[in-house]
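Could you have a look at this structure, given as structure tokens, before my questions?
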Amino acid sequence: MQVTSQAFKANAHKALGDDNLKTALFKLQHHFTNNRTRAVEALPEFERLRDRARDIKNEVLGALDFYLERFEQKVAEQGGTVHWCRTPRQARETILSLCRSVEAKTCTKGKSMIAEEIALNPFLEENGVQPIETDLGEYIIQLADEPPSHIIGPAVHKTLPQVADLFLEHHKRYGKTERQTEPEALVGEAREILRQKYLDADVGITGANFLVAETGSTIIVTNEGNGDLTQMLPKMHIVVASIEKIVPTLEDLSTILRVLARSATGQEFSVYTTLSTGARQSADLDGPGAFHVVLLDNGRSEMIGTELQELLRCIRCGACMNSCPVYHAVGGHAYGWVYPGPIGAALDPKFIGLEAGQHLPNASPLCGKCESVCPMRIPLPKIFRYWRDKAFEEKITPLPQRAGIGVWAWFARRPELYRLASRLGIGVLGRLGRKAGKFRSLPLASGWTEGRDLPAPEGRTFHDLWQERRGRRGPPKSGDPFRKLFS
Amino acid sequence: MSGRDEILGRIRAGLGRGALEGARRAALEAKLANPPRNLVPARAAALDHADQVELFIEMAGKVDTQVTRVKDLAEVPGAIADYLAQKNLPTEIRRAPHPLLDQVPWQAWPTLSIQTGRAEGADAVGVGAPLAGVAETGTLAYASGPESPATVNFLPETHIAVLRAKDVVAAYEDVFARVREKSAGGPFPRTVNFITGPSRTADIELTLILGAHGPKRLHIVLVDDGEG
Amino acid sequence: MTERPVSVGLFVTCLVDLFRPTVGFAAVRLLEEAGCKVAVPRAQTCCGQPAYNSGDRADATAIARDVIAAFRGFDYVVAPSGSCAGMVKLHYPALFAAEPTMKAAADELAGRTYELVAFLTEVMGMTRVVSDFNGAVTYHDSCSGLRELGIKEQPRKLLASMPSLTLKELPGAETCCGFGGTFAVKYGEVSSEIARRKAKDIVATGADTVLAGDLGCLLNMAGSLSREGAALKVRHVAEVLAGMARGPAIGEPSDDAEPGRR
């Protein structure tokens, strides 16, 4: 997808003016956070499971080469094939050639963030293979020709009337000429239309939440069952997954599954957790005849051994965005690339470059809520600071900001000069603001005062007052140039 | 250089070592050969089997799954017929060719019309025999195979599972132990499906709707078979 | 043998120094009530967060060095801010990860640095305050204090010891107010929106005063409440605990040229 992260401020401005979005985000915030809290409270071992989940992924990343080779070997033993792709382009081309090998005209698709990352849909379309998104949210945004705005609720920004309009427009050709307005009827309509698509598709493409090294299994976790119909009915099942999705054993999988749904939707367990291991076996009555795993690197291997390695623990549950005050305000599209919210702010600069992505790790109050809910205990604020350091170091941070911090720090390192300067500044502000108690607008602070008032300072600095009242030296009154100026 | 070698090479460079060898590798091999269990929540694991069955029913209920307990396999067709009648559903059934379901005296209930095999798009009711039920979350676990085609559990609008109470286990790990045992020496089943309630979506304004793509309803017939 | 009183170096914090000296004096009063001997090192300015959070490691590290030097020798260092205390406790040691001598000094300082209310309750064992406050208050948990230092129950415990005070819990008390230091200015529009939502939640409690432990958050919430036309008073929790809540609240008109006297 096209990167618009560099326009974060403009994107955010637009989002803040969108009342539909505001309503949708308000719902999301309360829905997911309340559900998560309930689910966590119902499982006393939750915090210890988070620790264990983190440790499992750390073990994986410390031996990722070993586990990937084992995974490949197991997939092969089960009659499948693993394709190693360094770049999105390689991954797209691999998938296309697999589709062509079975003369595919259409392929159904389960929800996959990696497919978004490699921009698979437009590529397949351009090359004569029609991709059909089957996750209801993905289907909605495919009709709307929009990118997902949330990693587990891609269409969470869409309102019911918007979906009703989209369905009316796109389902006419299936003879659906009545505008449905109830969610149940809309879901039913999509179910009916997509059912035929599953039956007709030549290839089913899914993502993977996990890859199990022990067995060569790929795992998807869904509530709709779309991923299952996608993979069990066509001739070929293609799994597209990034290399860090590995977990060693089925026991490790069990542990991480216990934190996934609870963190994501606040369910105890998602409706469908599916392990797919190889192609249809000789005596099986159903299932795809061919099974391929397209493994994507796209720079992840370079993150191993760096400050960014911890991001590779992410299981894409969305808890960080569900709890993020910035995401709640601006929604997912404002971030301007595939991964929104805190995980996107930490991850996107790696994929799109720091120059384009510099706003994302900066547009955070560093409140730490994301880290506090992350099931894998990824220190997201620490990663934001890592990017901020790097942007400052590489002079990507705009000059006025760098210069401003420089001047401020110069004073902060010289306490006596700092006091003189602050005495002057606060004296003026205090006198100007005393009567109203606040400023409704203030030059140089418009970023603050456009949306809220700035309370006026009390007018004297603590250090001056302390010197006056408790200091061993005499009060600095006579030496205060502003006293003279104003009195 | 192949993509594979490049990726593995970069990982190794990041880790500051070559291919994993020696004691470290042996330790990982040992773990994969004999996977240890991690922390398993006490919720189900600490209960005796009868209470695990109760918990299973309770948890299934919480995810919109109706459970009917019957004494033995002979009562299964009646329970299914009652359920279908109560919901005003068709009585044409597609059942998995599973040995457990072979033992059910279907012919005693002529109102039910039974077909055996994989499901097709038009099938309305699917009856499957899961490998286990998981008490922890009220989850069914199926392992696919000639006797258990996955389509039966996904294509029909109504999914009915016939589960023996003695096949209720505490945790997901117990299911995996059974799958390993079942596939020992041979291939792993093509799919292992954990199913927790009927299909659902909340993709339109976070309104929960049952029956997005998979079954709209899930009914479990729990066969005590001397237990409980 | 009489015991030497506990010596505390007060880390005033730049915002209290500049905007609300009353909070500094309230902190001193509470510390003295707890039996501490309080000093205010002259060589302090700021903890360095503006530089640190802007990616300016060099300046942040230099400022940290100065703070470490300025606060040598005190039994404890106390700040009326979870954010600044968190900076010293958690982030200073990380700044000197590659400099063993300074790392040791930073660790040593971190070990004796506390946020005010946490210090009063955890170190000095304070369970009640001597003052009272007549009113219905609500309390916002500032992020750094809450998540970096685990400050949640401590202020509530002391507030509960004031017989005439009613605490009305704030729904979403643990949600950020949108301040975030330089974030509030660099991303003012987003920050203001978050603050507006917080202000709405605060008003809905029906409390007449909102309290928090960090002046940054308080300035932000006061600014938003005032812009939205709400009549609530906004104060640092220390002002109330110290019985110094009679003067103008944050953002209120004032004819007071002598802050921190009342």
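Going in written order, the chains are labelled A, B and C, and every chain counts its residues from 1.
Rule of thumb we're sticking to: a residue touches a chain if its C-beta (ideal position, glycine included) is under 8 Å from a C-beta of that chain, and two chains touch if they have at least 3 such contacts.
Note that the structure is predicted; figures quoted are calculated from it, not measured.
K.L.:
Can you tell me which chain is nearest the middle of the complex, judged by mean CA position?
P.N.:
Smallest centre-to-centre distance to the global C-alpha mean: chain A.
K.L.:
Taking CA centroids for every chain, report which one is farthest away from chain C.
P.N.:
When every chain centre is compared against chain C, the largest gap points to B.
K.L.:
What whole-Å value do you get for the distance between chain A and chain C if each is reduced to the mean of its CA atoms?
P.N.:
Here chain A and chain C have centroids separated by 32 Å.
K.L.:
Quick check: how many Å separate the C-alpha centres of chain B and chain C?
P.N.:
For chain B versus chain C, the centre distance works out to 53 Å.
K.L.:
Can you list the chain C residues touching chain A in their complex?
P.N.:
The contact residues of chain C facing chain A are 12, 14, 16-22, 24-25, 40, 42-46, 48, 50-57, 59-60, 62-63, 66, 143-144, 147-148, 174-176, 178-181, 183-197, 219-220, 222-224, 226-227, 234, 248, 250-260.
K.L.:
Provide the residue numbers of chain B that touch chain A in the complex, in ascending order.
P.N.:
2-4, 6-8, 10-16, 19-20, 24-25, 28, 31-32, 35-43, 59, 62-63, 97, 117-119, 121, 136-137, 139, 144-146, 149-151, 154-155, 171-173, 176, 179-180, 187-207, 209, 211-215
K.L.:
Given the complex with chain B, which residues does chain A contribute to the contact?
P.N.:
Where chain A meets chain B, its residues are 24, 27-28, 31, 43-45, 48-49, 52, 56, 62-70, 72, 77-79, 83-86, 90, 134-137, 140, 153-156, 158-160, 163, 183-184, 186-188, 190-191, 194-195, 198-199, 213-217, 223-226, 228-229, 232-233, 243, 248-252, 254-255, 257-258, 265, 268-281, 283-287, 295, 297, 301-306, 309.
K.L.:
Please give the residue numbers of chain A that touch chain C in the complex, ascending.
P.N.:
Per the touch definition, chain A meets chain C at residues 9, 12-13, 16, 325-326, 328-330, 362-369, 371-372, 385, 387-393, 397, 401-402, 405-406, 408-409, 411-413, 415, 418, 422, 425-426, 434-438, 440, 445-463, 465-466, 470.
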